[in-house]
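As written, the chains take the letters A, B and C, and residue 1 is the first residue of each chain.
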Amino acid sequence: MFFRMIKGTLLRQWKKMLMIAFTIALGASLAAAMLSVMFDVGDKVNQELKTYGANITVVPKASSVLNELYEVEGGESTGAYLREDELGKIKTIFWAFNIVDYAPFVNVSGELDDGSEVRVVGSWFNHHMSLPTGEELDAGIAGLRSWWEIESGEWLDEQADENAEIAMIGTALAKKLNLSVGNTLHVKGSAGDKNFRIVGIFDAGGEEDDQIFAPLNPVQALANLDGCIDSIEVSALTTPDNELAERAAKDPSSLTVSQYEIWYCTAYASSICYQIQEVITDSVASPVRQVADSEGAILEKTQLLMILITILSLIGAALGICNLVTASVMERSSEIGLMKAIGAQNGAISGLVLTEIFITAIFGGLIGFFAGFGFAQIIGHTVFGSSIAMTPVVIPIVAILVILVTLAGSIPAIRMLLRLRPAEVLHGGH
Amino acid sequence: MKKRQMYFRMITASLMRRRSRMLVALLSIAIGATVLSGLVTIYYDVPRQMGAQFRNYGANMIFTAKDEKFTLADVQQGVSLIDADAVVGVAPYRYENVRIHESPVVVAGTDINGAQKTSPYWHIEGEWPSADGQILVGASLAENFRLRIGETLEVSYTPSEAQEGQETILDNILEFEITGILDTGGSEEDYLYISLADLEALTEESGSIDIAELSISGGADELSAYADTISNSVSAVNARLVKRVTASETTVLSKLQALVLLVTVVVLALTMICVATTMTAVVTERRKEIGLRKAIGASDSSIIKEFLGESMLLGGLGGILGSVLGFVFAQQVSIHVFSSTISFMPALVPITILVSILVTGLSSLMPIRSATEVDPALVLKGE
Amino acid sequence: MSLLELKNVYKIYGELHALDNVNMKVEKGEWVSIMGPSGSGKSTMMNIIGCMDKPSKGEVLLDGVDISKESAKNLTTIRRDKIGLIFQQFHLVNYLTAVENVMLAQYYHSLPDEKEALEALERVGLADRAKHLPSQLSGGEQQRVCVARALINYPEIILADEPTGNLDEANEEIVVDLFHKLHDEGTTLIVVTHDPEVAEVAQRTVVLRNGRVVKEVINQNFTGKIHFNEEGTHVTKTDLKSEEEIQAEEQANENK
């Protein structure tokens, strides 16, 4: 009988029920959309901030400071180097997935035909890596120097031939030597010389505009540095630092065992640096503060902003649903009065009405949830060009919100109606 | 009593005496207006507030020499061409080769205060130098030469020519107190930093400036314009944007603004639909009353005018409430997220109220119309 | 000419004849009750007389004008100007006071006049409850406010639908007394009811069954002031002379 009555209401009064379902769907979609965006915006903005380039540098432990100075005076580099064959290990650390891009650097001083000194930098441009995890990655400065404007020619493509003697040169150097794309540049190093064919001229807006960039192998050959790397730049998705991270950065052994685990298992810049040092022999990895600290601040603020906006939307959604649920219960006042008049118990009546409302709420909530997720995707694709990841916790939050608000909207109204005398309800006086 | 007087008496009585029902409707409308006013304020304010955050990345413009070096006067001339409010910091740098502990290093002389503004990400263990005679040491140097905070450091400079009355070239030696160690993860860690005045004293020449770093707030277009003006006006100086900083800032900032815009649109649209359904329910609730009024002689247009009047009054009240709450919300966001306040945008108030009235009115129109079409006899006789 | 006349009125819904060839006349100043069980068609007739519905066939003449051909909009106007309605469920606007509810009827008719509205309330004995909301009034008081509202625009006909249906004995009496008072002032009353006690106090009862008029009962013991003489014109009771008065008159004439 109970189910017959429910079925009866739902079928006969389907228009009214549809209205309730629609409102709940609206509220649920607003909640789902905002929550999904809120949970994912951190990752999205983090990705965007990678345009600033590497936030971690790795240098040999024994590297002398005086490298810079000696370059200026044309001397030779000192002996401490990182090993080129260890480069792949960076993608094996605990936080390998967060390593978005990286590139090795070899700095060699070369002499041009006119006798002038020039800095030649060997690096990866778009070095392809197929990892055992199945991930495919193109690593190199094509990603790490996103702000370079290619004035003529194009980015060097090392996938064509790793050993090709091709190079990109900075705009200042190109102007000074009156070179353009297709010309050959003869460079003499301490252990040999090369004729680099220019494939692209870039404007970096910095000192790199006076330099030559070429693939690793030819540059290493110039100074008999096969297999040697001066430094590695890494671009990683990191979690902004907090007190724990700062303490650990100074000295990881000062943490307790559980603190250590938390730190190691959170993608702080300091823990990623620590893990890189574990796999690259004799290295020192440190965060590039200019990038790492700033992106932390921006990330935090963006997330906080989204949280506050989401809270406002949730309040709005809750009020909207609550209001309409109450109104629809009130509309059924005569029906409730009738049931009471023919002798139904309060509990039975409440149960009936609540069940009907809940069936409608579940229906509306489900539709709303998917609609909301759809809205989130529209936002994600329009702003960031990628999908918003589904954070599982959104589902229970939206569900609880809908349930709580529906209860809050219906119970007081039902109780109020049950307290009225049936005659009042049946005969208006309304 | 005039008809208009009665009209207003009726619609206010409806709102005042049916307080609980109207309050909930008012709340819905107010939320909609709050969302509108609050999110729009935030949308207009995000570029400025977030933009200030991006200055953390440091200098976004540099002055370099066109031919030879340039002077402090040139730097100041260049800076004067920039809107004073937009200048966050200026740091001129002069580099010289010196020796500490018998080893060659490079020292940078700069305006310490300026450097603090143009390089906010410099992590100093200890303190920045605050007076002449103090020195900031890069972390690599500190490690290599085992330098500690509080120690004295002797810096010697070899002049290019002998001084008058001397046969050999003697070094100028100055003592500095190490006040701090600089950690940046970049090449800055390889340098020593002292004030420009100290460097001039050490080298006994007021030399020139090698490079000047500037931190200026503004978009890429504004900065380009400044750079062009300065390069053209100050003969010795070439002003360039630091591409790494400006290009990235433009990209990320525009995405953030797009995010806030889209979020605002989605939330606003959904909230307004909620308001519309609330109003529909409010009107539908009163079908009996509409039937009654028709029975005692109200014409359709009269009923539409009355209920529309009520809705619009409600919309106006909600709009006023929403303007205030929206501003409060935006202000709280600004304070908690950016630690700064926003200025009130007076134009937003009438817009919010107007939109609120429009949405409430338009969404009531259809249910009112359909309610007037119902036969009063049907409404009055039974459910 | 009768104030209201229904000529061969039908109201047909598919197979159902809610009203089946109904003929009825109501004279100015008459107090007529329409009686019948539910389903007899009295609600339908009420709606048609009250200009809230139109017949499928036939004529409805109000003051000589056939209202069955009028548009809905015009019907509203006619209803507003000529008919005062009283319902079974005392439909008052629940957020307006008693006097405001009465003024509402004025508002839609011409101009609201608080003084006149108060006077109307006085006529029904509710002057001291003018500022009360319907929720603060008893059932009988609410109904009386409806009566005052029905009167305010000096309608030609007062049309009451089960006016005492929701009232207890005491309040029922008050309302019926009110009807008497209205009748004595010359108001035309049509009262639709299923309660024989209420129907009986009218001058004439029209009985409906299955959509048809099955009989008309004249109240021989009518206590109101206005009667109908043999010619069918109404005569106020004051015009009628009692037995003693006739005798006294004859006596006076004889003495001349």
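Criterion: a residue touches a chain if its C-beta (ideal position, glycine included) is under 8 Å from a C-beta of that chain, and two chains touch if they have at least 3 such contacts.
Just so it is clear, the model here is predicted, and its values are computed rather than measured.
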Q: Return the chain label for which the distance between chain Cα mean and whole-protein Cα mean is smallest.
A: B
Q) When all chain pairs are ranked by how many C-beta pairs they have in contact, which pair ranks first? A) A-B
Q. By CA centroid distance, what chain is farthest from subunit C?
A. A
Q) If you average the CA atoms of subunit B and of subunit C, how many Å lie between those two points? A) 74
Q. Using the average of all C-alpha atoms in each chain as its centre, how far is it in Å between subunit A and subunit C?
A. 78
Q.
From the mean C-alpha coordinate of subunit A to that of subunit B, what's the distance rounded to whole Å?
A. 22
Q. What residues in subunit C touch two or more of the other chains?
A. 89, 91, 94
Q. Could you say which residues in subunit B touch two or more other chains, in rising order?
A. 288
Q. Which subunit A residues sit where two or more other chains touch them?
A. 428, 430
**Q.** subunit C contact footprint on subunit B (complex, rising order)
**A.** 1-3, 5-6, 9-10, 13-14, 16-18, 288-289, 292-300, 302, 375-377, 380-381
Q: Going by the contact rule at the top, pick out the subunit B residues touching subunit A in the complex.
A: 24-25, 27-28, 31-32, 34-35, 38-39, 42, 46, 50, 53-54, 56-58, 97, 103-106, 119, 121-123, 138, 140-141, 144, 183-187, 189-190, 240-248, 251-252, 255-256, 258-260, 262-263, 266-267, 270-271, 273-275, 277-278, 280-282, 284-285, 288, 329, 332-333, 336-338, 383
Q | Residue ranges of subunit A in contact with subunit B within the complex | A | 19, 22-23, 26-27, 29-30, 33-34, 37, 41, 45, 48-49, 51-53, 56-57, 64-66, 68-69, 146-149, 203-206, 286-294, 297-298, 301-302, 304-306, 308-309, 312-313, 315-317, 319-320, 322-324, 326-328, 330-331, 334, 375, 378-379, 382-384, 428, 430
Q. How about subunit C: which of its residues touch subunit B in the complex?
A. 43, 47, 50, 52-53, 73, 76-77, 79-81, 85, 87, 89, 91-96, 100, 103-105, 107-109, 111-114, 133, 149, 153
